[in-house]
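Two complexes come next, and they have one chain in common, chain A, joined by chain B in the first and chain C in the second.
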Partner chain A sequence: MVSGRFPILELRGLTKRFGELAAVDAVDLDILEGEFFTIVGPSGSGKTTVLRMLAGMESPSSGDILLKGERINDVPANRRPTCMVFQSLALFPHRTVGQNIEFALKIRGDAAASRRARAFELMDLLRLPRSYYKRGVTQISGGERQRVALARAFAYDPQILFFDEPLSAIDYKLRKTLEKELKDIHRETGKTFVYITHSLEEAMVMSDRIGVMRAGRLVQVGTPHEIYTEPRDKFVSEFMGEVNVIDVVADADGLLFAEAFGTRLTAPAHRRGFQKGHLVIRPESLRFLERPEQAENRFEGTLYNEYVLGSRIQYQVRVGEHVFAVERLRQHAFGGRLDDRVLIGWNAVDSILVEE
Partner chain B sequence: MGMDAQQRRWVKPLIVAWTAAICLFLYMPVAAAALASLSQSRYFTFPVAKWSTVWWGKTFDSIQIRELIETSITIAMLVTAISVVLAFFGALAFARYRWRGRSLYQRLVLLPIFFPQSVLGLALLLWFSALGLTLSWQTAVFAHLVWIVPVATLVIAIQVYSFDPALEEAAADLGASRWQVLKEVTLPVLWPGIFSGALFSFLLSWGNFPLSLFTTGADSTVPEYLYAKMIAGYTPGVPVLGTVSTLGAAVLLLGGYGLITVIRRARGT
Partner chain C sequence: MVAAAERSAQPAAATPARPRSSLGFRYSLPVLLLLAVGFIAPLVAVIAFSFVEPRSFDLWSEPTLANYRTIFEQTYYRSFLWSLAFAALTVVVLAVICYPVAYGLARVFGRWSNLVTLLFVLPLFISENVRLYGWVLFLIKGGVLLGGVKALTGIELTSILFTPPMIVFGMVYVYLPFMLFPMTLGLSMVPREVTEAAFDLGASRAQVFREVELPLAMPGIIIGALLTFVLGVGAIVEAKVLGGQSVIPITHDIEIAFTYAQNWPLGAALSVLLMLVVGVLVLIVLKRFDLDRILGRR
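And now, the complex of A and B:
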């Protein structure tokens, strides 16, 4: 979906230091024309600082930002053909919906009639009723404010739109709707979107590609599928949501040994010289077994608890000190009772091996 | 909690009565001054024996009193204009931006509020004479500023603290220059705070006595005149002028906040 496009934005060794601390540490990244790229990371990972540098609100300590091949390090925010949708949305509280949307056009000096026409066009695109034009921005709902913020950014006609976690303060149900809406709008407009969030789940829903950040560094870049199926390390795999992680070391024969369980495990192929790492098994890849031979790897444990997660049910199985999470679709609920002895297992292909 | 209906029935009238008593206590002196101004007698007696508006007429006809009011208004308007400008940028400096020495700066700027005003007035008097300045209403403007700028800064800062800096960034991001950001976003959003600051500046200057006493020289303001007349040469003209001064301030204050409320409603915040 993304291949064959040229990079609209290039980050070259982009670094930002606050005193001793490198909030962003030598980040190299190409963002392609027209793609929906999401930078995801926990708070303090430097993702917001990256975005603020791209938007021109912070200046890099070193490294370069190239927009269509031109260095824009020293171009101030008001001269960059990019626009940001803020976490707080930053709608102007003293202005109406219409005036907010038209802000960039007014600054540019457009006539009132053409500003209004453009505002109506954008309100139609974002499914905001035209009757809202004269409303105060504090008199509309959270989802509508979101759309006004988007319309205001589109009115600037930016080449790239930046999003600073604009959905983080919105309740779950509305957020899910808006995530899909944003992806639809991305499709309809064909603009380049650069989004940041701390929620990989949110990133998965919307993005063409994802960059995972940790402690100022870009840990992995890939499509949602690549990130999901081939996380580069334990951090990325755990960031994806709840996973089962087993620490493993290579023994003399090059086979993987789980010291915590005192047993060998059948794992996906690994490179020669692999010494230690983690075997990651998603809860939905773990199964309850009726007979030991149904899976390549297996443990016997106690069914400790179960949680209903909407369409899925999660079971906690205790194996010694270790707790495993096993998930099943609700219609395939496991019949066992709490404190039953159960057998769980998985095949090598359903696990991911990450090196330390 | 644990309060039965019987008790609860008494609580509300008690609160109402207490509030009324406090208001009475606060406003009685002002009302008494207004009543005293309506006496025909030259001397202040209570209860008033003979009612009359004769001193109101005399006061409004007096050229001296018109000059007093003019001087007070001139000082107050100049003080308002200068303190709002200084206080606006001063408040932005510590409530909007983060920088080293910010909290020290904040304390230094706000400290003069707590100086005893008579001491401040005397200190300024000594300072003016050391500089060889002739005392007049102009020196009083300066003296008022020393005390009122910090108050106005505090009043405006309260509004600045609730200001989302992202608003300025958003405006700049949408193409606005620094000046356009200030004109289109910062000033209009902070306007109610700036207006409050202006109102405070005007009224504090208008009613100020201790600083004016030391620094107006040959000129005189309304509070100075009232004080002098109370010490020697009392007439019911004193409570007339006092009442006019108080009523004027009250109208300005209530009108000003009425205006802010109307605008806030219109904005829907």
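And now, the complex of A and C:
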């Protein structure tokens, strides 16, 4: 989807130090024209600082930011053709919906009539009723405010839009709707979107590519599919949601030895000189077995508890001191009773091997 | 059946609310009584006295407008104007001085703002009179400043003490915290992201200030302005001590009427007029700047 496009933003060794601490540590990254790029990371990973440097609200300690090949390190935010949508939305509470949307145009000196026309155009695009034009921004709902913030950002046609977790404070149902809407808007406008979030799930839904950050460093960059199927390390794999992790070492005969269980396990095909690390198995890759030969790897344990997660059910199976999460679709619920002895297993191909 | 159930449910729903509100009334009663006795009663007494025969102390005599007539026939309007002008000038000077400091306290100083705040608060622990006489000693002819200059250079300068600008200086000096702190509060209520958003949307620093920061900080500024204005109109010591009675503010006239002149009705009438003027001005300002609307609550 994004191949063949040129990088609109280039980050070269981008670093930001606050005193001793490097909040952002030598980040290299190309963001392509027109793509929806999401930076994911836990709080404190430096993702917000990266975004603030890109938007011009924070200046880099070292390294460069290039916009279409030109260094923009010292260009202040009000002269960059980029716009930020804040987590708090940062609407002007003392202004109407129309005045908020038209702010940048008014600053630029556009005539009232053309400002209004542009505001209506954007309100139509974002499905905001035109009757809201004269309403105060505090008189409309959270989802509507979200759209006003978007319209305000789009108004002066910036080349890149930055999003600082704008959906994190919104309830689940509305968030799911807005995630899809945002992706649709991205398609309709064809702008470059750079989004940050702590939720990989949110990133997966919307992004063309994802960059995972941890402790100021960019750990992995790739398409959602690549991040999901080939996480580079334990951190990335765990960040994808609940996973089962088994510590393993490579065995002489091509098998893996799991010391905690005293068992040998069949390894997935891609090993690349693996010595020591973790075997990651997603809950949905684990199955309940009727006969041992139904899976390459297996454990026997006790069904300890079950949790209904909407469309799926998660089972907790205890094997010795270890707890495994097994997930099934609700319509294929497992018939076992609590405290039953159960056999769980997975095929080598459904597991991921990550280095220590 | 359903209707009967609804009917019986209604009083049951109403009862829990009632004891709570009557409880609130009973608990607030002591404060309400205290205010009635301590605030409203003296006010009523002053208003009543303003309609009593001049130079008499009998509240129960025939009401008269003689005191008000005296005020309008004589030159008391000058004192009113001096007081209002000094108060207004004080507010303006304070607004200009305090804004950068308040901005610093709210946005820039960080952990140093605690120390700065403390230094602004400390003088409040010392009596206003003492501080003003301190300034007199510093500025008076042969005092710390002029005496020092003379001793060092031999040049003899005239003191600026006992002039009207010194009165404004004294008021600015004394009332500064009452402008600074509401203003700081107002500025710290402006979300940083909102000003950043304006900047990001292309606004210059001046435009951010005019379009976003100032209107959003306005509630704090208005409260500070009203506080200092009302205090400034009621100021008396500054004119006496630093102004050396070069100007007589209305409060001084009121004091004279109540003390030397022993004309309580005249003093009461002056007080009532002062309250009216200040009250009307405050109301106009509050109407002009609807605080709730500025805050976006409506």
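We adopt the following convention: the second predicted complex is superposed on the first by the 349 of 356 C-alpha atoms of A that agree within 3 Å, B and C clash if a C-alpha of one lies under 4 Å from a C-alpha of the other, contacts with A are read in each partner's own complex, and residues count from 1 in each chain.
Rule of thumb we're sticking to: a contact is a pair of C-beta atoms (placed from the backbone, for glycine too) under 8 Å apart; a residue touches a chain by one contact, two chains touch by 3 or more.
Quick caveat, the model's predicted, so the values are computed rather than measured.
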item	value
Three-chain arrangement built on chain A, chain B and chain C clash or fit	clash
Contacts of A:Met57 with chain B and chain C, given as first, second, both or neither	both
Partner chain in contact with A:Arg152 - chain B first, chain C second, else both or neither	both
First (chain B), second (chain C), both or neither touched by A:Asn78	both
Chain B versus chain C as contact partner of A:Tyr133, first or second or both or neither	neither
Intersection of chain A interface sets (partners chain B, chain C)	55-57, 76-78, 82-84, 86-88, 90, 92-94, 103-104, 107-108, 136, 138, 152-153, 156
Chain A residues touching chain C - in the complex, by the definition given at the top	55-57, 76-79, 82-84, 86-88, 90-94, 103-104, 107-108, 136-138, 152-153, 156
Chain B residues touching chain A - in the complex, by the definition given at the top	164, 166-167, 169-177, 180, 184-185, 188-189, 191, 266-269
Complex contact set, residues of chain C against chain A	191, 193-194, 196-204, 207, 211-212, 215-216, 293-298
Partner chain B, residues of chain A touching it in the complex	55-57, 76-78, 80, 82-84, 86-88, 90, 92-94, 103-104, 106-108, 135-136, 138-139, 152-153, 156
